[in-house]
Structure formats: C-alpha cells, structure tokens
C-alpha cells in the first residue's frame, strides 16, 4: 500500500483547512501543515505566544529573536496580523475562537481522549505547555500521527494508557493510513490510502471501525 | 461652629491624597476633589470607563464626546495618560491597584459598611454602576458626606438601614464636621472643625467615638 | 480572500433573530453603535435580551430600541440616569425585565465568556442585595460571590478603524466595552469610522484582533460619537 | 514629580527578599529580562519561588539563576526543552520543586490575581494528572477545574519602551507574559530598551499602564532579545 510519509500527511491535513479558518498548528509534525496550505486561501495561523496571522519562516539572516512561534523557531507576521499578550492568546484558545487545532499524539482513544504530553515514564520530566488548552479549546481538534508506533502498536486505542491531555476532545485523526472521524457512533473511516483495504485497516486497529458510505481513497500530494 | 461647605470638604480630602497616588473619584461630590489637588503633586486619576491620567475639563468648545469621565462629563487626558477597555479598567479596581477611592454615601456603619447605591424605596429603579467594585477594590476607601442628612439624622450609624454597597470597606469618613478613621478598635476622630467640641460631635453621632491623641482642628481651605 | 466588510447596515444586522441575546457596546453615547442600533430597529427582531452598561439615554440608540418595544430584558449596571426616561417608563409599567449587575462583575462575566471560563469567584457585591441567593465562598480570608459568564448571540460595537480581516482600533474612552464584548458573542458586528487597507493598522496597537469580529461596516464621517 | 525610573540594575532589584515569589517574563528568550536576572543573581536573594513559562534555556538568564541555587520552586508549563540541562539536573537530583501548570491556566491564574478574583473554573486539565485532587464542577454540561490565583511579590519583565510613569509598550512576540505578570505582582520591575519622555507613548497603544509598574530601568541597545 501507499503509506503516506510525514510531508504527505501534512499536505493531506492542509487540504481540509478552509479559507478563513483560525488555526493553531501544534509543535512538531503539525507545524509542517503550514508548508502545504494552498496559496490561494487566506488562513489565519495562531501561535500561543501571542501571534495571529503568522507567516512563513524569514529569509536567512532576517530572523528576529522576538518573532518566534511556539516551537521557538523564527517566523514572520503577515500584513493584517496582530500581537497580543498571553492572557488574550489563551482566551482565543480556551474561549472557543479557534476553528481548528492540529496536534500530534501518542494515543487517541475510541472516545476521543488525547494523550500527547507525557509518556508516563517515572523519570521523565513532565512538560505540558499549551497542549491541554489547545485540546479542549478549538472548535475542531485534528490529530496527525503515524497509525502504528515504532514498535508496531496501534496509536488508536480503546482507552489511553498514557496520561491524557484532554477527555473526549479529538474530532478527526489523520494517519499515514487513513482519515478517521470520531463520532457519537464510533470511529468512521473517511479515507484510506491507495492499496489498503478496510479489513486490513480494521485488523491493525484495536477499536471497531465503520467505513463511511462516501469513503474515498487518499490522494497523496 | 465652622461647618465645611461642599467645596471645603473636597479641599480637605484633597490634602490627604499624596503624590503618586492612583485615585478614583466617585460620581457627584467626590468629583470636586479634583479641583483642589495641589498643582505640585503628580496624582493619577482613574476613571472606570477606561482612563488613567485624567485631566481637567477641556476649554469650552474643545469637548470630545468620546472623552468623558464616569459621570459622562467632558474631561481631558494628561500627557502620560492611557486608554484601556472595561475589563482592564475594573481589574485595576478589583485587583487592588488603586490606592484611594473617594465615594459619596447615604450611610456608613460603625463597622465600615457602606450604603451609597440604593435608597431601598420600593419604586426606585436600582442602579449600581461601579460603586460596589470601587467599594471593595481600592486599598483605601474614603467616604465624603454631610454628617447629618437633610432631616437631621446622622449618616454614621450602628448598622446601615439602606441596602449596603460593600461590607467593612470604608477606611475614613470626611464630613462637614469631622475626619474620622474606622479602625479595628472603633471610630477614631482625627479632626473636628473649628468651634465643634468632642462632646457635641458624639452627641450628634449614634456610634461610640474616640478622640485621637493627635486630633487637630480642621483648617478650612 | 477574506473580506469581513459588508456594504450596508442592513446586511450588517442580517440574521439577528427574535429572542437573541445582543450585547451593545458603549458607555453612555461614547462607543454606542447608534447606526447599528437603528438598523436593528429597522430589521425588526423582537424579544431581545440586551447587555449594555446603561439602559438608554435620551431618545436615540438603545433608548429608541426600547421605545420600539423590542427588548424583553436588559442586563446592565446603571439603568437610571437623568435621561433614561424611556427605560424608566417601561420598567415602572412592568414591561421590561432588569438584571442589575455591578459594572465590574458585568465586565468580568463578559470576559469569562470570551475566555472560556465556567464561572468566577468575584469580590464585588458580597453581602449585598445583588448577591442574594448566590453561592459564596471564603478564600484566603476574603469573601467572594460565584458569578457565571454572560454570552451573547450577537455583539454590536463601535470602533474607530477596522480592516477586512476584522482587526479593530478604538478611539479614546469609546473603547470601553467593545473589546470585551467582541470576545463573548458568536457574531460580532463592528461599525467603524473608516475601513483601512490590510496592514494599515499597526500590529502592536490592534486592540481587537480579527478573530473576534465577523462583520465590519463603515459608517463614514462618524469617527466620533453622535451627540443627541 | 513621579519618576519610576531607576539608574541601575542593582537599584532595580533592591529589596527582593529571601523566600520571595518572583514572576519572570519571557517565552524562551523572547521577553526574558536577562539583565534583571543577572542583577538578581548578583543581589543574592535565595529560596525563591519563580513563575515563568519555562525553566531556563542554555546557561544564561533563568538557567543561570537556577545554577546559582537560588530557586526553591518553579511554577511553569514547559520545563523540559532541548537546552534545559540546568533545570533537568537539579530536578533529577531532587534539588528543585516543580509545580507544572498548563500554559493557559498559568496565564489565567496570573490574570485572576491581577484582577482580584478569588478563583476560577477553568476547562483546561479536567480529567488529567494535572487536575488530580482538585475540585471540579460541571457547568452547563461542561467540566471545569477550580484553580486559584498566582500572585507574586515581584515581577521582572522586559518591555521595548517605557516612560517615567511606568507606561510600557512591548515588541512583537516578546510581549507574552509581561503585561499579565505586571498586574499580579506587588512590585513590578521592567527593563526597557529605551526610556522615552512622558507623552511620547501613544495613549491608545500603551499596553501596560503605569499603575502596574513600580520601577523602570533602561538597558540601552538591547531592544531585542539577547541571543545566547
């Protein structure tokens, strides 16, 4: 089958972000989604450190240490963008003003619980940042992650075994194999990659799946 | 005795506002205090509709309908003043950032309860504005009022009979007869007007008073 | 291309439904979106719950909306004023419901709605008539009243300048409730003295970022409040 | 005449006592008042509780304060980073206490302190390890955690420009926690790239009004963050 690579996953998520959406892209893999947003759509990127209308990385040599994204990488501000303080920035998240946030994950449960901040390892230093605020704040929470962990276990699970970030907060999962909605009636498979059949996807996924009547084949970018 | 008139009361309060103080002057009588602040002291006047560094009334013809005080009278902004929204303005009050507020009152109780927003009359339309926020927010709450009502009843009372604005919030009372601190040990008379003796003040006031060892005679401006 | 500007006041207030909760900015007439209110009167929605600091001044703006009998309930801090005769008459006739809220609690409850808080413990009003029947709690030796967010379906506000993304700046004391109401309404509608090109507003000085604004309508030549 | 400017960094941090709670602005190095932190190290106060988003980067600023063993406890949202080696070592050695707070709760709790709220019901963290043992409540079908204000004795922040009354403006994303920490500390100390004459800051664009600032110290030529 044509498993998506990480850039293809980012491109696939980008397709679903409509013009005019206010969007926060989490640190790590989700940040790449910005590279694939269609140039003909005006989309508003929010960064929790106080930016709305975040633009691409600056040209080399033009970096400004006071103009960074939440991952502390240099960015720019588009014309029409705005700066604000952390209180206002998190009011945007927690008050339900963001349309979409895209987060990475260790696990997502059948009920939409998200685990992405802590491995639970006894000697790990916990760090949460804005993950819990994003998880519960945006109107729609998209997760992007590999379907299987490096050791081959499915990251979609009946119940999270890692400490959760938020309860029942995930709306849609994008993996390298499929696009899956979390609905009141369970997990609904919207798309699968070319060459993957539903039975095989279900075999890999320890949670009951339903194939959407309109299910499509993912077209890799 | 030399009972103070309302302008003399305002002038007396103004003497006690030190340089650098952040001050809110309530609607009505307290607003006059601004007219008597010593010109050689920098004092920061706050208005709850979003002004800090409020200046005097503008010259006739220079009024700006978007530059008013809380009483909706035209004002100016000093150099160094700032505009902000209602959330920030009331955070300044409620967060304890104002040093002093000066309020009018119907009654003040021996325990420092304030009644200044509602006569309690059955057909009155209640209106509270920012009175309750000011009463509990400022570091020091000064009340200025006539000692006796028009019908001759003392406005300093054992317990408020009017609906209260705040509980135990008043620090000092300025009347046309005396300056009285509300302390943990009761009401302490700091000053009396010329020609008034303590026995007479106590006779007029249905709450036990103590004369401060340092009590002085009020010098009318 | 995203363009939140609409070309008429009618379009700006389209969709305001009977029974809606509508926040209206302004402290007295400063910041009161008088032309949007006139458009709301013409639009015709009824049984409105209005959130404003006051209950109308004189015969224009909010007072005119009240006089047109479109308002079921008003949530405000200071209804009674020298020129609040329209409200006063309706109130005495029992034809309008009043929820009186201390001004700082009004602001804080609007902010709580905008910021997604479930409730707040506020120091204001403790021990008064306006806290009767409300839950209270002592925290670190101080008494607080539990107050809930005030949300709205629509907010009508007035700003000085805006752009097509909905970014707004205000003018002087007309700022008042505008920025916080914008955060607490599903649809925020701003009348602005001038629509400026994208990028003309300094990103350091934008008071209301466009995320909080859904519609912008220019009311030219009225950068200042209209005097009755 | 009120002049909140002080002429040296030593004077700026004078009076910070052993055991004080000190908020320090910045998100990473953007907005971090590195020179004030250096002055605090030289000043010598110990057993501090520090409130910051992070727990130090590299070997400068907050990391240097940690390395000097002046910090008993840190309240932050994101201690672990690629270059948080100083904190990591102290933490693993059991030599520093950590209170981990989701970033939005950190901001909201600081704001609650500044605004005089007794407590807030926040949606963030419900059902997670970080809400264990905390009071919760269901309000309108949603779950919230009760969180209390975070106050400080001192706040050290960095702004772009300031004046003698303590009014401040910030630069780009270096604004972050500065404005809210300024509201929540008894003594707020701001290092600014430039002290400007009173009136030079536009009253419409002042982000932190001087009421929230007690001391201002110029650190010339450092309008931008210092890069390690």
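Letters are used for the chains, namely A, B, C and D, taken in the order the chains are written, and counting of residues starts over at 1 for each.
Note that in this section contacts are C-beta pairs under 8 Å (C-beta built on N, C-alpha and C of every residue); 3 or more make two chains touch, one makes a residue touch a chain.
Note that this is a predicted model, so its numbers are computed, not measured.
Within the contact network of the assembly, the step distance from subunit B to subunit D comes to 1. Looking at which of A-C and A-D shares more C-beta pairs in contact, the answer is the pair A-D.
For the pair subunit A and subunit C, the distance between C-alpha centroids works out to 35 Å. In whole angstrom, the spacing between the mean C-alpha positions of subunit A and subunit D is 29. Each chain gets one centre point, the mean of its Cα atoms, and the points for subunit A and subunit B are 55 Å apart. Our note on geometry: subunit C versus subunit D, Cα centroid distance of 33 Å, whole angstroms. Residue positions of subunit A with contacts to 2 or more other chains are 77, 83-84, 87, 90, 93-94, 137.
Multi-chain contact residues of subunit C (touching two or more other chains) are listed as 108, 111, 115-117, 122-123, 170-172, 204. With chains as nodes and touching pairs as edges, the resulting graph is of another kind, matching none of line, ring, star or complete. Pairs of chains meeting the touch criterion are A-C, A-D, B-C, B-D, C-D. On the side of subunit D, the complex with subunit A involves touching residues 27-31, 53, 77-81, 84, 87-88, 91-92, 98, 100-105, 107-108, 110-111, 122-130, 143, 170-180, 207, 224-227.
Residue ranges of subunit B in contact with subunit C, taken from their complex: 47-51, 64-68, 72, 77, 83-87, 89-90, 93-94, 113, 118, 123-133, 136-137, 163-167. Residues 108, 112, 115-123, 137, 139-140, 142, 144, 148, 169-172, 202, 204-205 of subunit D touch subunit C in their complex.
Taken together, the subunit D residues at the contact with subunit B in this complex read 1-2, 111, 113-117, 163-165, 167, 183, 198-199, 201, 203-204, 206, 209-212. On the subunit A side of its complex with subunit C, the touching residues are 19-20, 22, 42, 44, 46, 52-53, 77, 79-84, 87-88, 90-98, 137.
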